[in-house]
Structures are given as structure tokens and as C-alpha cells.
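What follows is a structure written as C-alpha cells; I'll ask about it next.
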Amino acid sequence: MTKTANSIKTPVIIINFKVYAEATGEKAVRLATIAKNVADKSGVCIAVACQPTDIAMVANTGVPTLAQHVDPIHPGNHTGHILGEAIREAGAIGSLVNHSERQQTLAAIEKSLEILKRLGMVSVVCTNNVKTSKAVATLEPDFIAIEPPELIGTGIPVSKAKPEIVKNGVEAVKTSNPDVKVLCGAGITTREDICAALRLGAEGVLIASAVTCSNNPKKVLEELVQGVKRA
Amino acid sequence: MTKTANSIKTPVIIINFKVYAEATGEKAVRLATIAKNVADKSGVCIAVACQPTDIAMVANTGVPTLAQHVDPIHPGNHTGHILGEAIREAGAIGSLVNHSERQQTLAAIEKSLEILKRLGMVSVVCTNNVKTSKAVATLEPDFIAIEPPELIGTGIPVSKAKPEIVKNGVEAVKTSNPDVKVLCGAGITTREDICAALRLGAEGVLIASAVTCSNNPKKVLEELVQGVKRA
Amino acid sequence: MTKTANSIKTPVIIINFKVYAEATGEKAVRLATIAKNVADKSGVCIAVACQPTDIAMVANTGVPTLAQHVDPIHPGNHTGHILGEAIREAGAIGSLVNHSERQQTLAAIEKSLEILKRLGMVSVVCTNNVKTSKAVATLEPDFIAIEPPELIGTGIPVSKAKPEIVKNGVEAVKTSNPDVKVLCGAGITTREDICAALRLGAEGVLIASAVTCSNNPKKVLEELVQGVKRA
Amino acid sequence: MTKTANSIKTPVIIINFKVYAEATGEKAVRLATIAKNVADKSGVCIAVACQPTDIAMVANTGVPTLAQHVDPIHPGNHTGHILGEAIREAGAIGSLVNHSERQQTLAAIEKSLEILKRLGMVSVVCTNNVKTSKAVATLEPDFIAIEPPELIGTGIPVSKAKPEIVKNGVEAVKTSNPDVKVLCGAGITTREDICAALRLGAEGVLIASAVTCSNNPKKVLEELVQGVKRA
């Protein structure tokens, strides 16, 4: 594991800000501050993955901050790409990789992981099922976040709809590489969902709209940390 | 033309920071400051296109700041994408579109332009030859930057190697839409190059490594503004 | 216009076989034969766009045969790509370009058109709205097929739901380049739909599931040619 | 292993026809016939991967025929894509997957393999290094072909320039899944190269220009089968 991976303590709640209006610019900072406060009060680790434009300000709140994507490139002539060195200098401690909304080739995933590792940054690779999770585990990321794409944004928790994906995913990953931590995503909205996910072996969750699009993100997060504590 | 397009006065020198190490983070700010100072002293407009992580800090120097890419999306679930609203809130006044290192589908170019226009932002669409420049002109961008990809990074100025591309590009664009301003890129490094480009009808240049990778970017820029004045 | 473009007489019905099971392999040949027979009987030109694996057999029926996609490449090291020379040698007289299910960058569209023209093949560029149609018209394809993506596969005919797209599309294209012929697609299923499309100025239609997935494609085509004659 | 995988007997020479002019259409058939004859005479298995337009004719020569790419799709609305069912009906017994010139996302590789397996077809997944080979091995393809992209087309054999990639690749794959067979590619041109590759543990090679662009492909293949026999 990379050194900075230690800055993400499990069980962890990672909030993916995506490009929601409610999680852009000043609003991203406000949401990050709420996350920081709930984390500090509860002792449960909460990290956020924000847009590159917002990394500096969001990281400044003290919340562990991830980028949502990093390109498999070195400094040079790559206009419009996301450079590992740039997100790190801005304050990110790591990055999501291969999110289902920003998928990468296998070679790109491998190279992105190599870059993040070299930069001492945390990697959270998103996968869509048990098989691809097992494949990614061989590439030694810090985290794998299993998100069946058909459940993303539905409010149907993977831990309830397809518990076997979480259970078998954790088992496949750990068999391949016990150092890799498994998160689950897609549809987690309540304390019961997150509690169920952790009991299935997940070491955290990757959530998005349940928090970012909520009228009361603070309350949702307080709910979720209760679920974490109860697990 | 969008209102903010007025904030870019022609003839203009746009410096594409790409993801060069010399133009990332603190170094991006330093380079932007040099550009600002040369612009202020000479009266020649100089803008920069930086990485999304650096937009806020770079814009803060007062230099007109563009993003290098914007995705054709609205706020929502698009992890790892670049949102128009986000770059604007960070301080960008516009964006490059369809750079040869980050090409887009035709539908994406059209939608990106619509988004930038709606947000009151400047659009600089990159094209590779006369035909695609003429096609883009119908989409009513603020600027078209013609860069034959085979010359990018070669130090061979398009204004010298293929002057007919600049000349015919300007003519094709203006015939189609006289409001669109034409820049030329690829290989511009000296005052003679930029002077030649402007005399061929270009209203500015898009340059990158000649400035960003120079040991003395201030001197290079001072050279280039001399070329602008002489044209 | 290319020479072979003459082999597609307008008004034309182009059937996109997509990768429907009902239009693959032997079934593609059977469907092509039906199209050929209805065309011969009615005197209305019917062409088909089939999968690359089926081009030779489908072209052998005598129906004017298009590929569904061609890559902007020359012979060489491009594993897994579709070569213009290969589809031509197999018997195709042209190709769809930039279908909404297989979109291309602007530079790729331009280069694909150049390749098809050089090979003496017909080009049918798909576009999604009036603006992109106007842009493509400057690239001098033989045909532009306007298909608002939101209507594809819905059974809602563009000629009824958004007649202004057809009308304005035809006008924009003809103003830019009177030699380019305009087709419309998306949702055309009845003789009324196709009749309306032609009266709005379209010179043919691009259809898919209405024919390929019909229990009785012969009857559907006979309906459609009636609509063509009535227009 | 799939049933048809048995139709490829190891050690095997797979010739990637790419989209070389010398391996398109009638010339593809001629080259396939040469491969068939050398295989029959020598008893060494030789398979070819040709363009989709040529599969039917090439398979008709009796040579084991692969597609160069298959899309991770089911029959339906996917214009311009390559359907597993279509290449099978045309006569292919399998397909290359994820060639470095046609890379796929991880999810697409996994789904393509599932489709090929369901259709009883052979899968040959191309990878670029040891790590990605190990990752792919968990997805249970029939073959993995390791090709360091920097050596493709150079004539510098991977078995000589980077023997450790072949050796470690074989070891990593076999440790993960002993049923997966490993091929090596990139730069194999002589009997010594292929002999070295097999001695390093490879069960065959994936070659391209050395055969397809040769003035005398028969002689090159006869050379290579000698290398296979000597290994």
C-alpha cells in the first residue's frame, strides 16, 4: 500500500461529487466542510472525490480529497488531460480510476496505477462485477470499488439487490491480493445499506447522489456513519 | 460573438500550457504572471490555456485564462469529466475545444460550443486543415485555431512550411462566417513566424512548447510581441 | 458527386441492418433479396447498409450495398479497423459515416470522406441536428442523413415530431452545397411518414428496425415505396 | 477452454493480417492458402486473423480463421460494430481481443470474453506487459498474446530484446491460471526468434508484417515452422 493510503482509514465513506451542480465550486467546498465536520465528530473516515477545478479549495478544508480521474500520462504534450503531478500539487491524495462513467483501457488502468503509486497517491479503481474486480486486484491498487452499473443512481443498494456481488467480490479480491481493500458502491443511501455492505465484507462505500443531491447532506452523512458504527 | 470574447483582444497570443511540468501548479502561476507582465507592458493581448487544477490560481494573476477542454455535458452524473460551469466558476473565460490531442466527435464539438455560448464563454476550436476549419466556421465559434498536426511540436512554423493552409483557412472561414477569428498554431517560435502568420490573415497564434519549455519564456514572449507589432 | 453515387437513385430508401440478429448472415441475404425484389418491382431505389462480414454475400444479391462504418485509415497496421479498400473489394459501393451509434471525430469524418471519394464510393454522413448537418455539408459528402438521436428506435417519425429539423436541415445543407442530398432518419415506419419526409425536402430515408425487425419486411417495404410514389 | 479452442493446436503461429493491402480481399485468400499449405505439409498449426469482410472467403480455405476484433455487444442497435454471432456465422472460430491497435476497456474485454465463450469461440487477448497479462489471465481467455507495443513492427524480437517479458509473462499467467496458453508477439521474424520464444515458455507466436509484407510469405512461414520444430 502507498504511504498516503494510510490517510484513508477504513471503514471509509467516499463521496463522489461527480459534476453535480450541488457539488461544484463554492458548493463543493461547503459539502466538503460538512463531510469534514461529520467525520471529525464521528471518528468515521470520510473522503471526497471532486472535480479537478475544485481540488485545491476542497483539499484546503482538510477533508481527504481524491481526483475523479487521472490520465495515464507523464508531463508533456497532452492538452486537455489530467496529470497525476497536477492533481497531487493541487492537494489530492489520490484518485478514482476507471469509474464506469470514465472507463479506461486495461493498459491505461495499469499505467495510471503505476503513476499513482510512484507519486505516493491512493488509488481507488472502480469495477463493474466480480470478474473484473479479481482482474484489477492483480494490479495492486489500494482500493477496488465494485459498482454494478445497472444500479448506479437507482437508489437500489447493491448490498441488498445483489449481495453476492459484494460477498464474492470481496472474496475474489482478497484471495488474489489480501492487501487490496474493497468498497462497494451503487445505491447506498441508508444506514441499513451501509451496515449490510460492511457486514458482507466491504471496507467502505463509494456514494454519490444520495449525499450530493440531498437537501440535507449533513443528515444523510450522520445516518451513514451510524450505519458504519453499527456494522 | 460572446460578451467575454471581447476580453480577448486581437491580435492575440494564446499560450497552451498543455500538461508540461514547466506549466503545472506553482510553475503555471509563474508563467501566467510573466505572460501578464509582457502583455501589460506591450499592450499585446496574451491569454493562457492551463490545466483545470490550475485555473483558479492562474486566473487570479489577471491573465485571461482558458481551459484546455470542456466536455459536452450538463451538471449531473459524469464522473471525471470537465464541466463548463466548473471552469467558469474557477475563473476561466473560455476553453479550447477539440485540440488535436483531445479530439471530439462533431456532435460533441457542436454541443460544447452551445454550452460555452450559453455560459458567456469564449470558444477556441482547434482544427487540422482548411476543410475542417470551414466546417467548424458554420458552428459559430469565437476563434478557430488551425494547427496541422504534423507540424505540432516540430518548431517548423506553419506560416512558413504551409502558408497556404493559413491563407486558405482564413479565407474559407471568413467566407463562411466573417465574425469568426482565425488563429494559427504549430511551430510558431520567432517574431518572423508570428509576423508572417498575421500577414497571412491570422488574428493571432496558439503556441505551446516554444514558450512553456523555454529557459527564458519572458524573452520568447517579448520577441513574439515584437512580431505582432511589426505585422 | 462520386461516380458510384449515381448507382443510388433518389428518392432512396436505405435500410440500416445494424447488428440485428434478423439482419445477420443468411438472414441479411434474405432481407437484401426482399429489398432487391421490392425495388425492382416498384422502381424505387432501395439500398442496404450491412455488417462487414456480410457485404460480399449481400452485394451479390444485386442490391446497392453500403458498409455501416469505415475507418479513416490507409492500408497498414490497423488491426481491427474497417478499411475502405476492403469494403470496396467485398462489393460495397459506399458507406455510412459517423452514425450516432459509431460517432467519429471531425478530423476522422473529413478523412473518411476523402478516402471514400478517392475510392469512388458513396458517402452517407449521419448527423444529429441542423447545425451539424450544415457543418458536414461543407465537407461535400454525397448524402447527409439527419437523425435526431432522441427519436432513433422510438417509432416516432422525425417528419412528424420535428418537421422543422428536416425542413431546416434541407435548407441549411442546400444553401451550403446544393449537390448534397439530404435523407432523414429516425422513426420512419409508415407510408405517411416517408411521404411527409419527402414533401419536407428530404430525398430519401434511412430506416432500420421498422424493416429489419418486422415480421413481414416485404410488406413494410411495399408500404414505404407507396409513400415514396405518393410524395 | 472452449471446444473450438481445440481447433488451434499448440504450438501455433497466428498471422495477423491487419489491414495490409497485401492481406486484403483476394490477396488475403492467397495468403491464407499459403498458410494452409505450409501448415498441412509441416504439421505445425497456423491460424490467421483477417478483416471481417474477408472472413468467409478466408475460412473457406480451411485455415483456422480469427476475427481481429469483436465488440462487447449482443445483436441489436449497434451500427458499425462487430458482432460475435456475425463473425461466427461467417466462419471465424475465434477472435483477437484488445489488440494494441484496437484497445478496449476492462469491462469490454471481460464482456467480449463472455460472449466468445458462450458462442464456443476461441479468444486471444493481446496484452502489453506482464502485469496486464496476469490481470487478463483471471478472466480465463484461451490465449494471451503478450506484445510490448514499443517493439511492434520493429523487427526486434521480444524473445531477444526483452526475454524476461516472455518468461515472466508465462510464469505470471500460468500461476494465475494454468489453462491459459501464452503467445508472444512483436518482432518475431526468423526461426531463431520463434525457437527462442517457445523455449521461454510461449506456446506460439502472433506475427504480422514479417509474413504479410514479405515478398515470399511461403518461405518465411517455412522458416518459422522449422523454428517451431527445433524448439
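General remarks:
The chains carry the letters A, B, C and D, assigned in the order they are written, with residues numbered from 1 in each.
Quick note on the criterion: a residue touches a chain if its C-beta (ideal position, glycine included) is under 8 Å from a C-beta of that chain, and two chains touch if they have at least 3 such contacts.
Keep in mind the model is a prediction, meaning the values are calculated, not measured.
Touch-path distance (fewest steps) from chain A to chain D is 1.
Counting C-beta pairs in contact across C-D and across B-C shows that the higher total falls to C-D.
One finds 44 Å separating the Cα centroids of chain B and chain D.
One inter-chain figure worth recording: chain B and chain C are separated by 37 Å, centre to centre, where each centre is the mean of the chain's CA atoms.
Touching of two or more other chains is recorded for residues 100 of chain B.
You'll find the chains touch as A-B, A-D, B-C, C-D.
Across the interface of their complex, chain B is touched by residues 98, 100, 103-110, 127-129, 131-132, 134-139, 176 of chain C.
On chain D, the positions that touch chain C within their shared complex are 16, 18-21, 24-26, 49, 51-57, 68-69, 73, 75-83, 85-87, 89-90, 96, 99-102, 152-153, 208-209.
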